[in-house]
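Pasting in a structure now, in structure tokens, and then I'll have a few things to ask.
Just so it is clear, A, B, C, D, E and F label the chains in written order, and each chain counts residues from 1 on its own.
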Amino acid sequence: MAKRIAAFGEVMMRMQVPGYESLAQSSSLQYSFSGTGVNIASALSRFGHTGYIVSTLPNNSIGEAAMAYLRKLGIQTTFLSRAGKYVGMYFLENGFGARPSRVTYSDRLGSSFNTSVPDTYDFCKIAEEIDIAHFCGITLAMNDSVRDQMKQFAREVKNNGKSVVFDCNFRPSLWGTDGYAIAKPHYDEMLKLADIVMMNEKDAIFTLGMETQEVDSLEQLKDLIPKVAEKYGITVIAGTHRLVNRDNTHSLRGYMYKDGAFEFSKMLTFSVYDRIGAGDAYASGIIHGEASGFTTERTIAFASAAAMLAHTVVGDTPTSTEAEVFHAMTDKAFDVER
Amino acid sequence: MAKRIAAFGEVMMRMQVPGYESLAQSSSLQYSFSGTGVNIASALSRFGHTGYIVSTLPNNSIGEAAMAYLRKLGIQTTFLSRAGKYVGMYFLENGFGARPSRVTYSDRLGSSFNTSVPDTYDFCKIAEEIDIAHFCGITLAMNDSVRDQMKQFAREVKNNGKSVVFDCNFRPSLWGTDGYAIAKPHYDEMLKLADIVMMNEKDAIFTLGMETQEVDSLEQLKDLIPKVAEKYGITVIAGTHRLVNRDNTHSLRGYMYKDGAFEFSKMLTFSVYDRIGAGDAYASGIIHGEASGFTTERTIAFASAAAMLAHTVVGDTPTSTEAEVFHAMTDKAFDVER
Amino acid sequence: MAKRIAAFGEVMMRMQVPGYESLAQSSSLQYSFSGTGVNIASALSRFGHTGYIVSTLPNNSIGEAAMAYLRKLGIQTTFLSRAGKYVGMYFLENGFGARPSRVTYSDRLGSSFNTSVPDTYDFCKIAEEIDIAHFCGITLAMNDSVRDQMKQFAREVKNNGKSVVFDCNFRPSLWGTDGYAIAKPHYDEMLKLADIVMMNEKDAIFTLGMETQEVDSLEQLKDLIPKVAEKYGITVIAGTHRLVNRDNTHSLRGYMYKDGAFEFSKMLTFSVYDRIGAGDAYASGIIHGEASGFTTERTIAFASAAAMLAHTVVGDTPTSTEAEVFHAMTDKAFDVER
Amino acid sequence: MAKRIAAFGEVMMRMQVPGYESLAQSSSLQYSFSGTGVNIASALSRFGHTGYIVSTLPNNSIGEAAMAYLRKLGIQTTFLSRAGKYVGMYFLENGFGARPSRVTYSDRLGSSFNTSVPDTYDFCKIAEEIDIAHFCGITLAMNDSVRDQMKQFAREVKNNGKSVVFDCNFRPSLWGTDGYAIAKPHYDEMLKLADIVMMNEKDAIFTLGMETQEVDSLEQLKDLIPKVAEKYGITVIAGTHRLVNRDNTHSLRGYMYKDGAFEFSKMLTFSVYDRIGAGDAYASGIIHGEASGFTTERTIAFASAAAMLAHTVVGDTPTSTEAEVFHAMTDKAFDVER
Amino acid sequence: MAKRIAAFGEVMMRMQVPGYESLAQSSSLQYSFSGTGVNIASALSRFGHTGYIVSTLPNNSIGEAAMAYLRKLGIQTTFLSRAGKYVGMYFLENGFGARPSRVTYSDRLGSSFNTSVPDTYDFCKIAEEIDIAHFCGITLAMNDSVRDQMKQFAREVKNNGKSVVFDCNFRPSLWGTDGYAIAKPHYDEMLKLADIVMMNEKDAIFTLGMETQEVDSLEQLKDLIPKVAEKYGITVIAGTHRLVNRDNTHSLRGYMYKDGAFEFSKMLTFSVYDRIGAGDAYASGIIHGEASGFTTERTIAFASAAAMLAHTVVGDTPTSTEAEVFHAMTDKAFDVER
Amino acid sequence: MAKRIAAFGEVMMRMQVPGYESLAQSSSLQYSFSGTGVNIASALSRFGHTGYIVSTLPNNSIGEAAMAYLRKLGIQTTFLSRAGKYVGMYFLENGFGARPSRVTYSDRLGSSFNTSVPDTYDFCKIAEEIDIAHFCGITLAMNDSVRDQMKQFAREVKNNGKSVVFDCNFRPSLWGTDGYAIAKPHYDEMLKLADIVMMNEKDAIFTLGMETQEVDSLEQLKDLIPKVAEKYGITVIAGTHRLVNRDNTHSLRGYMYKDGAFEFSKMLTFSVYDRIGAGDAYASGIIHGEASGFTTERTIAFASAAAMLAHTVVGDTPTSTEAEVFHAMTDKAFDVER
């Protein structure tokens, strides 16, 4: 059954150098609007749900452009506030083969989202009108004001008996020196509120400070994730292990822990066109599987195939329909579809 | 020696989304004009023959654009009629890796070619002025009027002692429910008129309703193709087996049956840039080999290399010269040519 | 106060050659989706109303692209049906100076909208949920099935006490030989249902067959429009006189007839970037003025300025906000706005 | 009645910076192939004649591209030789308003055309197969070898009783110091062979060294052109006076002298998109008028309208059909044609 | 004689929507780097001087791109510091005819330039190595730290006996409420240090709070500018009056006050391609005239023609050479230059 | 420590068909300026040295564009002369998979560089101001005048006790029939002056006419290179063996011979985006290693990684910084860098 999912997070303007030139070589940019919340809300709309973004955009040409873009993606803008002056931006230079891609941020702390006043959103009302809320560790890294909004929203959702999804998504560069120590209490708080959590063993070790005797990452995962689930009372924990190969392909294996048991996807290896946002496609697959009552095995296969397809799509935001993901879950490659 | 080859078939307008965006993501299209007949006539012009297209285009801007494009390809437009109102069109969205390409057609039944009146073409005169005529199963699927023109043209060609080439090219979506049963009498008729036929075991089984005890497709081919040749009195039957791999490569192996014997090419595996029209390159290679008196072994190697190169070229229409195909028949890969 | 406006009409795919090349010279197209209904619904959304399109789109890539584009324009797609196979299309080649622009249509009679089955739309429900419905003479020219849907919808709107807007928009090429005679009874029917009508003296003379002794077009207008208003019981009649100048400018003068009196705008002369859709901007301005309780003088000035701005905007669909139109109603030209 | 016209001259590769950037600002170029001969042959093909180019192109990728482009323009390539190594090239930077356009040439003296060996063309056979031959003063400026070919071709044409058209087109930069003195004997020779000549009073004064007491250019024209016609035995002399205005428009007035009488077109003022090649459109109009038996008045109006339209078209080469020129000969400006 | 000119100011990243679409309609941007200082240093390099920029750029991909762009413009980067994290950015949407252009800024207060630490630049050494320093009122509006750097640099320049140029360039939006009052002391300070000042009567009235009985702007200018020159001890004051016309043209008249006398240029009216940065071209022309010992009449004609040309050039930054400006100072319009 | 390196050689204009179309299919080109000297000077600038180009460019728009481009690359233009009329040009059509890339040259012998008069450069002064000079076998192939300049410059460098680098780079098509015999004395002369030489066994066998009993290319290398070093008194000889694979990858192994010992890099296999100029990246790596006092092992690893990265970068000219090359020397592939 179709759910109403609201994602809380910043709308970013992505400005990408077309082709494989650097910013110093090129003179043009392709722009679009994305962000973890945008990706989640859009991906779930493609799967048949109703996706909302809870965010703030400025009242100027860029805000207008962002609004139009979100509508185009099929995202509901009902819970979008208009205030402030700027949109967070990032520049993307595509790598090729042995040369990695580069991302350069503009000053996102001054964005409309990150400077929004405390009572910008009516979380009470939003929590009533939705089924699931999605949060992300990137938002948690911004500033106290946004962190407070985020936790307040999560609490309202819980109070209304709705589901909280939290993607740990720890970005060291956003937290600065002693980042893990600063981040831990905030992560603790969010994890206690969460029903579904996206993470892997690295989050447990570094952010949550948990210890393990294992050295292999898979063994660490098997050791620590059950402990996290128990400690914080989390229903579903899921995530991926990723390998970046030297030949423009990645290998990815998804896992999901639920009801005391692990389920793993096959190791998928595939050509990569645009890697950014693929993690959000995976999270959307997990949420969709859970929302649709899939078996764990089917959920993990669905989420992994959704992530694989997201690597083949232009832009951050996953665009595959449920049918397309099912199609990709088979092992075959396909000729032109006419 | 250079031959005069006339291909009967629709000129299609191909509208391709540049890069890897979908129609919903992009806002621009690259257009060109192609179709099986166009591809055959153009490919054979590159091999030193004179290629004609027998078709109809409207008297408007799009017809003008198509005419100019055909001339650019080196196709003779002497046998082209101008009437009707529309050009058949298709939209192409490029796939990437695990995500397949998609083709969406406009209403081609209303095209100038498919609505042309019975006496549009002077087949008698055309048959006198050419050496070889090429027909395709796609045209056979259109409507009774076009089917009648096609058979009339083929008969005139035979009556003039010239060669008929027929490419089975059965597209299920064009024939609808009970397609095989509806198609069979028309295929029977064309096969009886044909000297050279492009097909494989699937056509024999599904369209012609032939039976075999073999299960492996290669064994089916070896069992059925000689029977087809005998039943319909066909001099040369040729075709390919294709494998779509998951890493943006295809594998292709060509076969040719002539004088009671099979000849197979090596299995070629190669990177694919644009897969559409590659079958027409293969057919052009077979026609060229036969027209030039190549040995069967050389013809099959030539046709397979021509098909391989057609996968590396922008657009539907093969552009390789005879020298370039000979070059590609060696096993080496080449550095920049200066 | 914001109104809910539903426009009934076909969604067209516009494919424009960029710059000033012809289709025979270029190899790329810019595409967007428009149509009179789309333009009206979008323009009124920019003015603060809620705009719906009542139409049908196919369930394929092009339908998806059209849906996304309509959402981007801010149009509500609640009343949009998905069925059929094709979208009506037109190709636009830009003229320059003494060389006129050219429009070439694809086969729109086979479009999803024009082949939709009789009970496609729940007009009863739609009429309840809206305030104003907009219809256009282009739709009236299509076929009996669409004409029946159109009249049924208009009657439901009247039965619900809501407003009917009808834009005469007679296109001779769509009606064929004896077009005026064929069209007249259908126009009679729509005019009797209409509250607001877009037309000028030419419609009265040619389509409605009315006679006048005047020879000057302005005098003809003054003679005939009051008679039309009386005969059909129309509240507001409005329209424009346009002059195409040789230097890439147009001159435009709007008129409005209401309560037995004419009001004329100043003659505006302005540089033209894209002329298509400007008439819809004018109609939207009239509807907005009436919906907002503007004086006739203000309405006519607003509609004329809206039309002028629509000539300066890329694409068919007007994009100006109410504030931007007010800004343009002053006589000044403006420097860069920072 | 349709004529066969062969133009002798170099095929140039035009490389244009798109938009209004300079070569130092931009990083991309649009290329096409043109030249006076190409423009004449293509323009007359659009008017219903058969246009040939007599020239030489190299056997490499650029030669192939030029061949394809000429075919696209509808030019017959039967008389085209393939030899040498290079194509003459020029770079075009578009001016805007008060900033003039700039043309920069590559080394055209080394081009295939300008280095072709004496017996490259079978002028005897060509002269038999055509009705009219066109020559240009630019070719005359190249080198002795090309000049010899040019005169030999013109003589063969005269010997076969066919028509010679000569466009004086004196470019000072190509002739260098003492250019007029060096050029005169060659011009004398060509003018004696010519039936139709494109020139104005400046050519008579500077190149032919004729004297006049008049100071106004129109009076000079009226004084000198009859003397030129008499001295060299020329049937038709035609040309234009052009005014470059500061607002992106030009003013142009055509004249034609025939049977002892002058005919002048109206002064046309029009917006200019691409000025290069417009003189060739004028010449093509004169040739077409003469070939079609138009009155002098109609010829001059046709040629002037053809020239005007050529200023509105992308690229050097005129693309207007006879119908489009007739359309433009009216005084009206036109709305979009649908 | 060639001078060494250093401009102190921010390097901005300009991101322009190509063509005439809005940010909401388009998906691509053209970027370049400019700013008043960049424009001045580059324009004077084209006039044969050595132009330096004194500014700060971040150590990332965008900083690298800006550096490469400045080098391309011919600007010396010796005095450029690398620190901080961001570059000031602005988005430009082109207007057309009656629709004005729009500029939207990103958060420039956080830029590397505006957050540079006090001792970033060795003004002492810079002042020794240059002849002229250029400052701008936009920089004065930023923050105290930058203001202090600016004044310190200007004082060092004076102390070294070099020239100070100050362009008042008051932008109300940058100063906020009570902007004039806040700005005045800073302007007072800069004007006292300045030898050449760019301003007009509006600056005198609003920023400097001077009073006049005149109502016409020209009379106000004549009344106030001599008083400003006297009060602050300024050698040369220059500026322009601009009129934005409705037909994509502007009218501009330059003035210069020196040695107690006014000199005015002719009123120039010209087509406008890109208006931004044209004021900097004018200032560069004044500086060049003064640096080259032109008469006041010649200086004002040169500066006005330079400003006119800057309106016809792509981008903010003037690109005309001294020869091109001289060329434009004649009254003629020019045909293609070959 | 940073060195000053001057490369002597032609600045070429590269005109590349974008994407994978041929010149006959496309209508646009991307242009940039490169050449061996440009590539070396730019690559070494990225590694922290000061790179000069010693060459000649024309005084026109193309010369201006080349100057701006060289500055953008960070190359010092102090030793650049402005004279002559043309720039050498080449057209690049990208291959794909089994279809090789094609390069077509314009007439470079007429370029400003190749027609520069004997005393164009003050080699005496240049030799004093630099540490290292770079020469290339391509320049040696041009004409006697350029060869004389080249040798004169090399002798001056030696006389000043600076280092000479010579890249053999024998291009058979530039030397014509009996090329090896014609080339040998010139190569002998340059090799005697050289300190660092880029070559492999093929140069020894074909150009220098040396003999070996070995058949394997590696064994030939080991046999001949020490003999070359001894015969000509060369300190360092380095080069690569390259394998072009059929799947858009190349394999490359670098070698270096110094102090009587060989050092080999690992065999690197990597995806190739743009192969041209990669040899210059390798040479730059060797020069940088030697200039920086790296061990031979580190130099060879650095040069090979620099060459590998150059295959992943748009354009001929290497753009990687020293840090990026160090990064690529590890075996890992990297995810997006944020």
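We adopt the following convention: a residue touches a chain if its C-beta (ideal position, glycine included) is under 8 Å from a C-beta of that chain, and two chains touch if they have at least 3 such contacts.
Quantities reported herein were computed from a predicted structural model and do not represent experimental measurements.
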item: Recurring contact interface, reference A-E, options C-D, D-E or B-C [over half identical by residue number]; value: B-C
item: Superposing rotation of chain C relative to chain D, computed on C-alpha atoms, to nearest 5°; value: 120
item: Whole-Å separation of chain centres (CA-atom averages), chain A against chain B; value: 46
item: Chain centre separation in whole Å, for chain E relative to chain C (CA means); value: 46
item: Sites on chain C at which at least two other chains make contact; value: 22, 24, 27, 68-69, 72, 102
item: Partner chain B, residues of chain D touching it in the complex; value: 68-69, 71-74
item: Touching residues on chain F, where the partner in the complex is chain A; value: 72, 249, 270-273, 308-309, 311-315, 319-320, 324, 328, 332-338
item: Residue ranges of chain C touching chain B (in the complex, touch as defined); value: 15, 18, 22-24, 27-32, 60-62, 64-65, 67-69, 85-86, 89, 91, 93, 102, 104, 106-107, 110
item: Chain D residues touching chain E - in the complex, by the definition given at the top; value: 19-22, 24-25, 90, 95-103, 105, 171, 173, 242, 244-248, 275-276
